[in-house]
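Shared between the two complexes below is chain A, which has chain B as its partner in the first and chain C in the second.
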Partner chain A sequence: MIDFVLPIALGLFSLSLLMNLFRLLRGPDVVDRILGLDTLNINAIAVIVLAGIAMDSRLIFEAALLIALMGFIGTVAMTQYLVRGDVIE
Partner chain B sequence: MGIPVWLEAVIAILLLLGALVAALGSLGLARMPDFYMRLHGPTKASTLGVGCTLLGSLLYFSVSGEGFSVQEVLITLFLFVTAPVSAHMMARAALHRRVQAVAKTTQPPRELGRGERNK
Partner chain C sequence: MALLLIVLLPVLGALFTGAFAGNNARLNSLIAMLAPLVSLALALSLLPAILQGELVLAHWQWLPRLDLALSLRMDGLAMLFALLIIAMGLLVLLYGHFYFSGKPKDNQRFNGLLLLFMTAMLGIVTSENLLLMLVFWEMTSLVSFLLIGFKADQRAARRGARMTLVITGGGGLALLAGMVLIGQIIGSYQLSDVLASGDQIRQHSHYPLILLLVLLGAMTKSAQFPFHFWLPHAMTAPTPVSAYLHSATMVKAGIFLLARFHPVLAETDLWLYSVSTVGMATLLTGAFVAMFKHDIKGLLAYSTISHLGLITLLLGMGTRMGLIVGLFHLLNHAMFKAPLFMMAGIVEKATGSRDMQLINGLWRYMPYLMVLTGICAAAMAGLPLLNGFLSKKMFFAETLQSPFTGVLGWLTPTLAAVAGLLSVAYSVRIFHNVFFNGLPRDLPVFPPRPPARGILIPVTVLTLACIVVGLVPQYVVHTLLQQAAHAALGAPLPAYNLGLLHRFNLPFLMSALALTGGLVMYLYRRQLFAIYDRMPEVDAKENFEWLMLRAGNFAERQVHRLENGSLQRYGALLVATCLVLAGSALTGLTTWGGGVTTPADPVTVLAAVILMAAAVAAVVIHRQRLLALLLIGTCGLFVTLLFARFSAPDLALTQLSVEVMAVIIMMLALSFLPQTSPRESSSLRRLRDLILAVATGSGVAVLAYTVMTRPAQSISGFFLDNSLTGGGGSNVVNVILVDFRGFDTLGEITVLAIAAMAVFALTRNLQLKERVTRESGSYWASEPHPVILRMIARPVLPVALMVAGYIFLRGHNLPGGGFIAGLVASVALSLQYMAGGLVWAHQRMLTAFRPLIGAGLLLALATGLGSLAFGAPFLSSWFNHYHLPLLGEVELATALLFDLGVFMTVVGATLLILANLGNLMTLDGPGKEIG
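Here is the complex of A and B:
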């Protein structure tokens, strides 16, 4: 049953990655692009987790944790740069 | 595999539900008319969708593999703590840049507070 569901879930997540990429490239303001990039990060974590189930390996989850960390730090740094004009004061 | 059928069904439903909800959130990100509406889709729906996927993965690896799997709990906790923070900071950046809302918004976004305006 899981083998049947896994390709469907991966396809849906690929579709949402494409929609995020559309917003990242098109976004009328910089903030839209930041939002698209943040969502791209979150969906990439889910894709990595699904790949971990498909390959039946747990090692790949460290990469997902790292991507979550880096995505959050990147979003905070970019918004901080927009608001304050500087990242580290 | 040693997984019971009903547990496999639960995992499959969780994975499918998570993917559907995340796709709906990304659809909202792609199709909504202005930034303040677009902020709703990813920060609520996508987080819930990824949470469902991580819960399914947690069940799968806890039952099939060796012992409880901790990484998913870490990722889920981290996502659920940081998603509201980053949404708040993006909304603040949008207010700071005076991103316009759609004209028929009944309560348009106000200017930032006094401490921010005098900078």
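Here is the complex of A and C:
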């Protein structure tokens, strides 16, 4: 079952990665782009988890954990910059 | 051992005065004088043996591969100079104590530097190894730079010091070359070997070159024409320094060199003509100019130049007797010139001036000093019954028997008599002008303050020495002089008698003529001054500064051609070099290897495509800086994914953390920068960059492909095999970082710490103008720290710290380690900065970032050094397995401590950068430095 589902899920998430990239490149606004990157992060987590299952490796789950943490903080930094013009006040 | 102590004691004394005396001037001087006193006692204990003609040697290895040995030698010549250096040093220290009274800080600095200088001088005269001698030679140049520039707040002092350093330092370089040539010809740098191979060197084809180089070293140091001009400008030094360096010691170092290398280089026509010409030119120039200097120290400086010229002339004539007379005069010169310098200092302190046009008639105020100065000036002029008379008369006798023939044969004694006449004139002038010649005029301090009694002690001692040596030279200096000359010549001495010198003969007549002529010249001084004033003025300092400026500008222009401050250019040069080097190596590539071992799956290909698209997009829109940052973040994310895909979890974790940290810091910097980059490059340059980038990128692709497709012997097998057994960890990456290549890691965290400190230093007193305003004019939100963000940020911290702790602890066996953990921790902390603000965060955390960095570095270093204590090489790790209750089997390795050091340094460095950059513009304006 899992062997059947995995390629489909990976394919779908890959597709969404492409769409995120489109938003990131296209904009039109900076907010769209930041949202694009944030969603790209989230979909990347999914891809990593799926790849971990496929490769039967638990180690790369941690990369997913860190992407979740770091992606969030990166997004915070960018929005903070956007909203206030300064990251640390 | 005694030899080594003689040389090193003064410098130890310097350390002690600095460490213990504090502001107590009396204690300071006492300690400062104690060390040379012991040195003197040790030297005197060796004296009987030296007088017997013995040679004392001491030898230690230092850098045998460079032929540099800590090898010392004490013979007659070295003993003569050593006694002169130590005794003079003691007297000058005593003088300096009173000279600097009321300025304990200056006194302490002076004592320390003077002692350091004493060691350097003693080192020169007692070195048995040529290279060791050069080390001390350079040391005198450097310390004299500090001593001449003692009053560093004065421009003249700084310029004088710089000039001295350039001239004597340049001479030192020439000397180095000369010594190396000698060493290469002989095959040894030991002085004993060199002295024994005089004929070999004189017959070698490089002899003229060697002679030129050694003479350059000696002549610059001893202020010989045409390098004499630095000495008058070095008079900006405090008077004790002048009394020591510029009359007794440093300027005699060149003379010492000539005497020391006499057996090797002298007794050729080349030596005879070059050295004696320089000596004669210096003798006359110095004596002539001295007469017309109104500054007491200026007069003394030129008179010193002239006397040095006299000694050089004597050595240059190359006769054995000439060498003896030269050494004798060197001793006498120190005895009468140093007290005259001291007198100049006393007068300057008393009247606030050194100008002889103002200072007149001081005999009413300082009768005792007048008597002392009279005696010393008489010795300088060469009056009978004083030491100067003896050596001058012997000098005249030598010029009469010079090896010159023809015109030079009678020209030499004539010019010598003229120089003698001039020296009488300026000697009379310094005595008569200062103490008589009417009344003082417009002195800054009037009436003159009487000098302290103690300051007269060294002057008295030296004056008495002048008299004693003048009266009974055969009992005082004869034996030592003989041994010194013997050591310098390495050959038997001619018979002579110092005691019979007061007899009447032709040299006596020359002395008498010089005396009368000098007096007459002094009487007509006003007319002579008038003539001198009409002569064109040559200011050596201005010329020198002009030359230095031109040289500096020239060098700067050459540097700017290559290094013009454009980062783009450096980048282009760097990439181009890389392309040429690697590309030329790749041209040998003939076959493309087989297939790739890891096949590419669709998802990986897609990730790679996205990575490339983001990279290209970043290049295209790089002028919009925020968007470019977003795209760089995307690139980082996909590089991370690819690392994870190809089983490099350590790399993935590190890449991710670094990426986020970099984005935050760049965002911080972006707050103070324009939002868009202006278009500055020409289209031609953009084309160049495009070609470079495409070519290099393709090159890297080819390189990567070829490496991946051919079977190669990898070094990873070694690490995989030895990581668990040798380093105690199964995570090879971490074991490599903390054990196999631990030294690299130590270097890397040191670099990180330095970079963080540099950011700290740069932002420390940075005054920024108003923050760059956005195009739209106002910010989107008025609330700087939205409540939702603050609430979410708080629980993130403990979770993130736990993750960091986990990654840190298990790093030795599974992906992780100090570096990643440190980054995760700092990213979590920086979230608190962003959410709550700098002030809010700092109320809740320790901000001692710099101590944290230091502690981390020290811990890492101490762990490494700890293995030395157990006899293992630096940074070997030790580990063992323990069974703990609740936790079960636990492995403890010293590498964990090292990793903790890495962790601390990383956290400290990133937070230091972050906090100080963020601090540049807080809500309340720029804050104080943090960390």
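Keep in mind that, in the parts below, the second predicted complex is superposed on the first by the 89 of 89 C-alpha atoms of A that agree within 3 Å, B and C clash if a C-alpha of one lies under 4 Å from a C-alpha of the other, contacts with A are read in each partner's own complex, and residues count from 1 in each chain.
Just so we're on the same page, contacts are C-beta pairs under 8 Å (C-beta built on N, C-alpha and C of every residue); 3 or more make two chains touch, one makes a residue touch a chain.
None of these values were measured; they are calculated from a predicted model.
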item: Touched partner set for A:R33, first chain B, second chain C, both or neither; value: second
item: Contacts of A:L65 with chain B and chain C, given as first, second, both or neither; value: both
item: Touched partner set for A:A51, first chain B, second chain C, both or neither; value: second
item: First, second, both or neither for A:L25, with chain B first and chain C second; value: second
item: Partner chain in contact with A:M1 - chain B first, chain C second, else both or neither; value: first
item: Which of chain B and chain C A:N43 touches, first, second, both or neither; value: first
item: Chain B versus chain C as contact partner of A:V83, first or second or both or neither; value: both
item: Overlap of chain C and chain B interfaces on chain A (superposed complexes); value: 10, 17, 30, 34, 62, 65, 69, 72, 76, 80, 82-83
item: Touching residues on chain C, where the partner in the complex is chain A; value: 602-603, 606-607, 610, 613-614, 617, 626-627, 629-631, 633-634, 637-638, 640-641, 644-645, 647, 649, 652-653, 656-657, 659-660, 663-664, 667-668, 670-671, 771, 774, 779-781, 784-785, 789, 793, 796, 799-800, 803, 807, 814-815, 824, 827-828, 830-831, 833-835, 837-838, 914-915, 917-918, 921-923
item: In the complex with chain C, residue positions of chain A that touch it; value: 10-11, 14, 17-18, 21, 24-25, 30, 33-34, 37, 40-41, 44, 47-48, 51, 57, 59-60, 62-63, 65-67, 69-74, 76-78, 80-89
item: For the chain B and chain A complex, residues of the former touching the latter; value: 5, 8-9, 11-12, 15-16, 18-20, 22-23, 25-27, 29-30, 35, 38-39, 42, 46-47, 49-50, 53-54, 56-57, 60-61, 64-65, 69, 71-72, 74-75, 78-79, 82-83, 85-86, 89-90, 92-94, 96-97, 99
item: Residue ranges of chain A in contact with chain B within the complex; value: 1-2, 4-6, 8-10, 12-13, 15-17, 19-20, 22-23, 29-32, 34-36, 38-39, 42-43, 45-46, 49-50, 52-53, 56, 58, 61-62, 64-65, 68-69, 72, 75-76, 79-80, 82-83
